[in-house]
Amino acid sequence: MTAKLSPTQMAWRAAQDIEDGAYVNLGIGFPEMVAKFQPPGKQAIFHTENGILGFGEAPKPGEEDWDLINAGKKAVTIKPGTAFFHHADSFAMVRGGHLDVAILGAYEVAETGDLANWSTGPKGVPAVGGAMDLVHGAKRVAVITDHVTKDGKPKLLQRCSLPLTGVGCVTRVYSSLAVIDIQDGHFVLREKLPGLGLDDLQALTGATLHVEGDIGDLNVPEL
Amino acid sequence: MTAKLSPTQMAWRAAQDIEDGAYVNLGIGFPEMVAKFQPPGKQAIFHTENGILGFGEAPKPGEEDWDLINAGKKAVTIKPGTAFFHHADSFAMVRGGHLDVAILGAYEVAETGDLANWSTGPKGVPAVGGAMDLVHGAKRVAVITDHVTKDGKPKLLQRCSLPLTGVGCVTRVYSSLAVIDIQDGHFVLREKLPGLGLDDLQALTGATLHVEGDIGDLNVPEL
Amino acid sequence: MDKTIPDLATAVAGIEDGMVVMIGGFGGSGAPIELIHALIDRFRATGHPKDLTVVNNNAGNGHVGLAALIEQGMVKKLICSFPRSADPVVFTELYQAGKIELELVPQGTLAERIRAGGAGIPAFYTPTSFGTDLAKGKPVEEFEGRSYVRERWLKADVALVKAHLGDRLGNLTYRMAARNFNPLMCMAAAKTIVQVSQIVEPGAIDPETVVTPGIFVQGVVQVANPAQEEDLNRAKAVYPEVAQ
Amino acid sequence: MDKTIPDLATAVAGIEDGMVVMIGGFGGSGAPIELIHALIDRFRATGHPKDLTVVNNNAGNGHVGLAALIEQGMVKKLICSFPRSADPVVFTELYQAGKIELELVPQGTLAERIRAGGAGIPAFYTPTSFGTDLAKGKPVEEFEGRSYVRERWLKADVALVKAHLGDRLGNLTYRMAARNFNPLMCMAAAKTIVQVSQIVEPGAIDPETVVTPGIFVQGVVQVANPAQEEDLNRAKAVYPEVAQ
């Protein structure tokens, strides 16, 4: 078994929780992969901030139409039932609470539900895009993230140290080691990799992992 | 000559001031008649609050389509270049300052530019419609009104006595006796019926009529 | 995903006492007459829903549609801009008898409040109504030397909407000026029920011409050849029809 | 009424030093490349306009379009949500050298501020950015127990917009996701100049499918077969072309 899930595997796991008919926004980068792993019989409708609802997969190379891109500026396709709209209507969908799920990346997540995913500090060029809107719009805001940084430091913390994207907004974390809910200011462990001890997981986590009932096995296929 | 202008004649006079290519909203009732009197070579584009820009004349009786009405709930027609839109976009046009001219009816107009045209007091059913939006949106807000009430009392006053539609919003009054601008809190007389003395007009007006330069003759054809 | 609803009775089944119900239309254009009449049928069969707060630009005309809903005594409060119309006998009598509440809102403010409800904007400033009785009690603020009134969003439990084409994902088009408040109300209600003249397959509506994307719609029911309020009133129709 | 403009040079003639210029597009989609290049031509011929404040979602890519405008030193300040892109070398270098100002705005707030500018709404409340660095200094208010940040409208002297079809009254349609900020910017600028792929006769655009009604447009210039920024960048294009 894997020592930790790959981003693809985290995306797969996140995809399992998306209800049939859900309206979903997938953040730029890893979260975009979630669309590929929808379970059979479950058909979500994907929203992209730049004004498309119900877009389809990437076109074949060479068949791109650069007027038909997603928020990550990647070419997509239309499907029967696609709709186009302008940016104000698009963020009315977001801010107005019409999305069921938004899945984003994270630098840090706090047990309060705070998220930091837009700025690593004063160096470099700051860029926020639609992240600050998405965290306040969707009924369920989930995060896909490595459980720890490249240096092995926890990314799930009591409080974020980096500039916040949103306050108290994240409700579920799909990490490379576990599935964790955020409830009432606590991390609640739902699933962990089968071979990983609770103490070991806690040692890699910057805030207390609460347990309510059974902890499921985080079983993800090789992908 | 006429002792006073009819509503149709007031509408004719108001129509003479509408520039070619102007975007114009005409209030329900008398102001609607302005559209009929556009001078040759001047083509305004008419806006109606309920979501049409560039609509055409009334259809023949029996040819009405009740999905194609104006703010007065009267049937209209489309023309080449008509556009449909929803109410929020329609009032974005109004409130956002995109209209060139709005022409409304009035119960009272004050020398301050205040307008009262929506409520005659606590009796009856109050109804405001789009009037309070229109008075704040158009670049030029004009009023068509009899100079005095049916009882012979002035409708052009120092201060309105009826509930206001808007504060300091009217810039020109086309009355049944005169054309009067509102500038810096004063009525400035621009035109009066040729047979009417200035003193007589002043006696029918509830605030001082200022004069700047020549007073033109208000000559309107029999209609 | 299939948002189609088989019949009008099912479409209005979830509307309960005391709910805020937005009803599309401007006068008769875009008014979902058949949905309203289905709601009246339910009330007459079950005694519910009642004590509704209804949001509409007007107060109905004659004795059909919104006027009939009011006439049945189902409406506790009306939020609208223009309850004075050609033949608003029903509302006028109840209002003057103190039997129905009225919140009068300038038309553009009404539209913007509904849009704000749908767009997650809890409050906004508008020049409209500043200095008038309709601004009483509302916060006022100056921006660049001009005064503005703060208005709150308006949301609903249910919106009853009339559209032209609809697909089973809820994408909608409208017909001419029947568009009016309908697309805004779709956005602002927890549950938006739409009557369309025709249900079409997804893809039959050009993605460029979708006016209301399906995300704003929870149910679509087909009513081919919908009634026009204006035609009904010219025929002096009354709903429900009185037995002879 | 005829809003058509004969050529690109005439289209950009009225843009002066220090103006606020909204430029449509999201990345390359909907970016009015030819209008931007015409503005660069004018600057190179006359030294004007400069010190522009530009509103766009991004900061340009490569060395064409918005990136080229920045590279020419014509832009004093950029108001945008996402200046970090695949190849934003031009902006990044100027920004890190302190030679260009940046006002970073969340994307949905940027869109709403522009719409508010067009709709006459001087300020509104949004949950977006509450509790973050981007809300610093902005008024905060609670509604129903939730905290919101007050944001101001955004207006422009000029908007440069790309559309698909346009008629001489200024009615516009867009092409797929190239719509994005373009219809909003049309509303928010004192003068909106639009490049369209084709100028058509009034009536050629179905009134139901007009996205931007002509009232929001002051000038329309035809650019058949407009360039796509993505294609230009893949070809490593540079504007203006350097003489060999």
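Going by the order they are written in, the chains are A, B, C and D; count residues from 1 in each one.
Quick note on the criterion: contacts are C-beta pairs under 8 Å (C-beta built on N, C-alpha and C of every residue); 3 or more make two chains touch, one makes a residue touch a chain.
In this text the structure is predicted, and so the values were computed from the model without any measurement.
Chains that touch both chain B and chain D: C.
In this assembly, the C-alpha centroid of chain B lies 30 Å from the C-alpha centroid of chain C.
Distance between chain C and chain D, defined via averaged C-alpha coordinates, is recorded as 36 Å.
Chain A and chain B have Cα centroids lying 56 Å from one another.
Chain contacts: chain D has residues 112, 115, 119-121, 126-127, 174-176, 207-208 touching two or more partner chains.
Residues of chain B found to touch two or more other chains are 78, 84-85, 88, 91, 94-95, 136-137.
Chain contact topology: the protein chains form a pattern that is neither a line, a ring, a star nor a complete graph. Pairs of chains meeting the touch criterion: A-C, A-D, B-C, B-D, C-D. Chain contact summary for the complex, chain C toward chain D: residues 112, 116, 119-127, 141, 143-144, 146, 148, 152, 173-176, 206-209. Interface residues of chain A facing chain C in the complex, by the touch rule stated above, are 20-21, 23, 43, 45, 47, 53-54, 78-85, 88-89, 91-99, 136-137.
Of all residues in chain A, those touching chain D in their complex are 48-52, 64-70, 73, 78, 84-88, 90-91, 94-95, 114, 119, 124-133, 136-137, 163-167. Those residues of chain C that touch chain B in the shared complex are 26-30, 57, 59, 81-86, 88, 91-92, 95-96, 102, 104-112, 114-115, 126-134, 174-184, 211, 228-231.
Residues 1, 115, 117-121, 167, 169, 171, 187, 201-203, 207-208, 210, 213-216 of chain C are the ones that touch chain A when the two sit in their complex.
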